[in-house]
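Presented sequentially are two complexes of subunit A, the first with subunit B as partner and the second with subunit C.
After this line comes the complex of A and B, so read on.
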């Protein structure tokens, strides 16, 4: 209203053109350098702390680290062990990525993995069939099982508005109880006494027929490379493609970044959010199925063996990028393999856990920092431009 | 100390241009003269040259103010005039960049809400600060120190309620209360501290007129009984006239005048609030509006009665109205999820090539109208026709013939984390897909085309949207919406938060859109924007259109009255 030439004319001088130039050219380069440097620094720090720990408890850090390296990448068989561990981690991580891209936190992957495997085992035991049928059927059943378990959380979220963080977490425990119930009931999945070679303290189901076992890609002295790695990589590549190039993926990202804008453009939350949760559970279920028909061959309590939790971590560290999850899953697989060898050398299991945890933290922190930083920068950009 | 050190205008040299009309007889008077005799020697609240700058925007420019004990002071001004900022500085929520606040002669530490509270300044905010899941007494007791005894707290609520005529059930849960009741809780919460100065920020925006009257009676009661002072922030003329003793008008961050309410009329206040008529055009010239108008109308006549006729002739003959009407909104009524009435029988029509400006004070149904036309809100009654055909409502339609520039371009107009290119094709993925797959090459090609066409400055097509300046972000939104060739463009607050250059650019673009034959529905709380762009002006108040006028013959007084909710 009031003419205010002094105030208004001053404004354009502060135009943010130079600022934008800077954002454009220099920052991405700095971004590319910050992450690896940070990663190296934090791993070195973690190893130092781990060394102090080992030294303090009377172990030799040198021996421990060399055992871990030997056990993970030191030989062909160690490498294969690492890759075999990597398979379920990567498939679960893909599931975490799909949910994460929709800004949904599915922390029920562990339970979905186990629940899916239970489905797979039930179907595989009920329908003895030749391998070329049995394997796809078992995998499909596992996928469905995982999706069903995630669907429960999706129904709570989009039916009653209950946060998926809570439901997926709690459904884990329900899934473990359901499995425990099933493998303790003779009329369900409990191992038949005639087959039990020994009385297992850990209740379990019958072993799947050999025809249900996935083939091995390669085998040699003391190692067998599982076919699952092919499935895992195909799944990761497929998810990356779907997220980047399909209409569904575009809407998934749009919804994850800004649900309000997405709804303005016709994205219905329950369709995209629900499908993301279901697919994420389906991936966990697939991981369970691959684990089942890859080498475990039966469902039992404790089947998931933390693959679900660690797979979630892999997805997080990979910034919910399925392709980035491949190397990250390899690293986590290596930690598992190395830890196994380390434990075999007589180092206390608890110490092995601590060393592994320190490395996990060291690898995770830089990614979290990068996420934090980009949020900060974005907030600043928005503030400056307001 | 003198209650008002000086008329702020006298001290600020840059205000010289605006100065002459401020002393127009019968409208405003400098604060010192007429009321000095009736006043006590020292004011309860004194604000001296309080200044607050947000980035490039001077929200408060050396505002001085003196409020006496026993007084209800109105603070009147348009959106963004600086009313809330001023009072937030008084209550310590906002730290001033300059100037000081004194209560009863002693200076308050700047930017310290606790000190202000302890000194006796209570504020009832526009947006309630209640915990919905807690009960009334719990909310009132919240923030108290030491052990809280529920029985005492409950008694206290009942007692305050009885004393000031604010009855409320202390055990009721806040989420179960109506907006008016919630406000009552806010006021009780404020009174609980025995404040000497109570500030109410737009208290009636959630109230019906009956409830407002009750509130004003309560305020008068408080002032009479306790000798405290009340500052009532409002942009509703009617309630300022009804409830206050004196009124201070703020405009563009400056205190323009302080008038004894008895000597004011709705018309004089409206003029004070909006500024003199000439200043609108001056400003238009100052920030390049003249150029806009030239672009829009190469004939060269900026204003004047000839122009609308030209434009009407250019777009379509007024006789075959059915042909020319691009957007017709009939009798829309809608309620919010909380049951509040948002729209009540709103009707309007926009012709092809016409810009209809919907003016009004914020919160009178503008958001609901935008949401409705975007398909995000389903109406209770009424219908919307585009080019003579009724369009489905209540669901976002990707093929809608209405392009929307939402008022919150960051919140729902764009996806800041996606790239510029992705934001440009958000709603037309089919264009860049082959056999169900998005082809990045096509995305980039399409984006480059739009970037060129709309002069968007971006480091690259793949730069994230958030790295763009506000003006460029808004151009991305405009480009995307227009690239679908909509029959109607709905622009809500299209220049909010933009700098002057970007505002000018956006205005020119919107004018061009209309010139190309699109109907433009411009919803804005910035009156100068409406006056600069619109061919016709509808005024929205409490969810319905209360009046209409041709922009060539704007009667500012009437416009101000209508925006303030006065029948005119």
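After this line comes the complex of A and C, so read on.
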């Protein structure tokens, strides 16, 4: 018998390792087939429910779905719109992955994204500089802003032992009010009256100078592919590499599997946990900065526009794997793009939300069910051995 | 001055009541280990259900009951997915929040309804008490349920076996399982209770306080209820105090411009969240969160 409670806990938890890096041979063939079948079935069921809903409310399901497909992947410009929506989702998801691998639940990404963008906007408006200076400075300021907001939660957790789940959730709402305060004060970020081209109901800041605009990768009739996609892919690949190959990544995963065992091996919780929280906040801030200088060009109330929450969902659906997050983010971006076109065809905007939510659930359920299955398989394996 | 205070207290009571129902339910769910963010969906869905129900049946009481039923439906989905299939509770909550927000806004656009409202009951003698009489004893009927509900929840959580098992499931699911407590079943039951109470609170908002349904009418009140539970350190006393405090802040925000005092609105809006954070910072040692809060419990995972 091992008298050490941490040791007792560590041994069975190691069974979890194949869960994340599920090797091809460890999964029975039947289970490999189950997933795509389940995915198709659940999407079909969701579409049926949505169709019934549409039929019942006097809309034509065919028109709605074809508009959504046309608007997301139907043409070059639709595809570009999808990719542009995918950028902030993917960067936020990478942040969710970093925290998630350390078993930390950062549900404050939405607030960190907005707070980072506010930093970026403040710096961008204060320092008119040529583009090759302005853009990196704005992005760096956004990264710092997001990390600062996450650092508050990290300080609560490692200073006073208060769960990050709670603090990150509450800090979202505080961040929104800080931004609302800033864009309503003339001595802070409020739009100067002379620049206001129209009276906006939504308080906002001045527009960033044109030099702060991220370059476009390609542009054509009715579309402009944003440079952010390069940043997003690089960040996802970098995070995947760091988690899988660096010493820091190894400690992160060890800490995530079993914090007590990790600390016995000399991993200091506040170093690894704190850096994971800060980095995930930094990623959310970067997403805010890319959104700011790539597209929105000013900070306003409601800036985050649910990118933070949906990015978290992307990370969760991807099982906290930054590379898996790329296709998932593309799918969620397609839903956003398709929804935009649907709304433009005169269908109620709220309906777009329903169709999106149903498809989100349909896409989310099978992968989570697979995690459930693999957990049960492990439990069986443990029982059989015992 | 006295009249101003009476009016502010009265309006705070009206704002606090829905929050209290929701926060009491949320506290039970959190004690069992679920940080139930779909409480916002429960509240919004039941506000819609209450308005629709009262408009179809012509009775605010039936509207209230239909609201509770809607809250329960959301709770069943949340409980089934997060504590039977052990799907991450935040994914389920986020998806439910999006779904309910979309469906209620959309249905509202395609349905005409004339929601009914409760009349005001006034308890004789007691409602004559200066300052607090009107706030405490001249309210819509469901308000008076609170007087029974608060002690009842206290008794259930701290004096009944079920309540003990709920708290054990939220503190240490592994030990609870060894002791023979069906952890995930208790957690599901706590979510059902939360759904019913959040449903009551949501329906009270539409048929009791406001008398109409507007898109996204709860506007984050569910999250304020969560903040109240945290502010209250997961105790009944603290949760009730938190709800009252937040309702006072809200009532002040609405009343101050009329009296001619200006306080930055952003400070008052963020007050609940800042107070909850501050309370945790100050009382972190005494008021600890349930140890397994927000963690999925997968039995058989050793």
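Throughout what follows, the second predicted complex is superposed on the first by the 353 of 386 C-alpha atoms of A that agree within 3 Å, B and C clash if a C-alpha of one lies under 4 Å from a C-alpha of the other, contacts with A are read in each partner's own complex, and residues count from 1 in each chain.
Keep in mind that, in the parts below, a residue touches a chain if its C-beta (ideal position, glycine included) is under 8 Å from a C-beta of that chain, and two chains touch if they have at least 3 such contacts.
Just so we're clear, the structure is a prediction, and the values are computed from it rather than from any experiment.
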*Where does A:105 make contact in the superposed view: on subunit B (first), on subunit C (second), on both, or on neither?*
second
*Of the two partners subunit B and subunit C, indicate the one touching more residues belonging to subunit A.*
C
*Would you check which partner chain A:353 touches, where first means subunit B only, second means subunit C only, and both and neither mean what they say?*
second
*Which partner does A:361 reach: the first (subunit B), the second (subunit C), both, or neither?*
second
*For A:55, select first, second, both or neither according to whether it touches subunit B, subunit C, the two together, or no partner.*
neither
*asked:* Per the contact definition in the header, classify A:378: touching subunit B only (first), subunit C only (second), both, or neither.
replied: both
_Quick check for you: in the superposed arrangement, does A:247 touch first (subunit B), second (subunit C), both or neither?_
first
*Does the superposition put A:258 against subunit B (first), subunit C (second), both, or neither?*
first
*Do any residues of subunit A touch both subunit B and subunit C, and if so, which are they?*
12, 15-16, 378, 382
*Flag every residue of subunit A that touches subunit C in the complex, lowest number first.*
12-13, 15-16, 57-58, 105, 107, 156, 160-163, 165-167, 169-171, 173-174, 177-178, 180-181, 184, 309, 312-313, 316-317, 348, 350-354, 356-358, 360-361, 364-365, 368-369, 371-372, 375-376, 378-380, 382-383
*Please give the residue numbers of subunit C that touch subunit A in the complex, ascending.*
35, 37, 81, 85-88, 90-91, 94-95, 98-99, 101-103, 105-110, 215, 220, 223, 226-227, 230, 264, 266-267, 269-270, 272-274, 276-277, 280-281, 284, 289, 293-294, 298-302
*Hey, which residues of subunit A end up touching subunit B in the complex?*
1-12, 14-17, 20-21, 23-25, 244-247, 250, 253-254, 257-258, 260-266, 378, 381-382, 384-386
_Looking at the complex, which residues from subunit B come into contact with subunit A?_
14-15, 17-18, 54-56, 58, 78, 251-252, 254, 274-275, 279-280, 282-283, 286-287, 374, 376, 395-398, 404, 406, 410-418, 422, 426-427, 429, 433, 436-438, 440, 457, 459-460, 463-464, 466-470, 473, 497, 499-501, 527-528
